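Sharing a structure with you now.
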Amino acid sequence: MADVGGIGADQLKSYIERIERLEEEKAATATDIREVYAEAKGNGYDSKIMRQIVRLRKMDEQDRQEQEAILELYKHALGLTESAE
Amino acid sequence: MADVGGIGADQLKSYIERIERLEEEKAATATDIREVYAEAKGNGYDSKIMRQIVRLRKMDEQDRQEQEAILELYKHALGLTESAE
Amino acid sequence: MADVGGIGADQLKSYIERIERLEEEKAATATDIREVYAEAKGNGYDSKIMRQIVRLRKMDEQDRQEQEAILELYKHALGLTESAE
Amino acid sequence: MADVGGIGADQLKSYIERIERLEEEKAATATDIREVYAEAKGNGYDSKIMRQIVRLRKMDEQDRQEQEAILELYKHALGLTESAE
């Protein structure tokens, strides 16, 4: 089916099939990631906190420390830190 | 607690509380929306298709028709239309 | 248009219009929320950290403190705390 | 750093590093997918419609046809089909 209504059907099909293969690959990697979190959870680690750690490690060190300092400041201002009780 | 570490704690608190009230309002409206879909579903309507209709009605009429025409063209090119079987 | 292909067109329309009105309300509230963050930002507050504060304040106090303690433990274990440098 | 506050720091680190490698792999595949869409766009294909096609091809054939029939019915009931003008 070379041409349909002016579009290259074969070319479109090859793009779609390439995308589908890559989407499968991506889904498989996502499953692998979930399995690592599940394995860690099975060994007593908290997967929610692990996700936070992964996010923090992606950040630039200085940005991370600045944000943590501001967070502490705001938490203190709003009475969210233990010492505020 | 007027000032904490150079930030206006009261002002920050009032912003946070305004946001929290608005977030509550937004969540209540989201619940109302879910209830309408549930009511419609109870009367035999398909909520997934209703969501598509809501999306389509938001679109500019001409854009919508153009996109539907391209979709039909691509579906035909890839054998997704009945006639292609 | 009472009935179309066995479905109550008027009833469907009224459900769709109710949903559209509620979606508009929800979108307006979301805009109000963005405006509060923008106003706070204009007064020097960090909207990203404010969002974290809003999330933290939604949490049960004890859960929040437990999660913060585990986060500190994991950060220390992975050298993400200042003292670790 | 074998043990920190009762948790196996090395084991935690190895989980985190495995996750980070997999997240990188997933991000790279996502980039590849975007590149295919960009290449197709460069050749005149509509990437938004291509994404719809990818979604449709993932569906069970019969489900897809049933949903398309209901969508046409609802569109007709609400005057969204050309013939309704």
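A, B, C and D are the chain letters, set down in written order, and residue numbers restart from 1 in every chain.
Operating definition for what follows: contacts are C-beta pairs under 8 Å (C-beta built on N, C-alpha and C of every residue); 3 or more make two chains touch, one makes a residue touch a chain.
All values reported here derive from a predicted model rather than from experimental measurement.
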{"item": "Chain whose Cα centroid lies at the greatest distance from that of subunit C", "value": "D"}
{"item": "Whole-Å separation of chain centres (CA-atom averages), subunit B against subunit D", "value": "17"}
{"item": "Interchain centroid distance [CA atoms averaged], subunit C/subunit D, Å", "value": "22"}
{"item": "In subunit C, residues with contacts to at least two other chains", "value": "7, 12, 16, 50, 53, 57, 74, 78"}
{"item": "Overall pattern in which the protein chains touch one another (line/ring/star/complete/other)", "value": "complete"}
{"item": "Residues of subunit A defined as touching subunit C within the complex", "value": "46, 48-50, 52-53, 56-57, 64-65, 67, 70-71, 74-75, 78, 80, 82"}
{"item": "Residues of subunit A defined as touching subunit B within the complex", "value": "1, 4-5, 7, 9, 12-13, 16, 73-74, 76-79"}
{"item": "In the complex with subunit A, residue positions of subunit D that touch it", "value": "7-8, 11-12, 15-16, 18-20, 22-23, 25-26, 29-30, 32-33, 36-37, 39-40, 43-45, 50, 53-54, 57"}
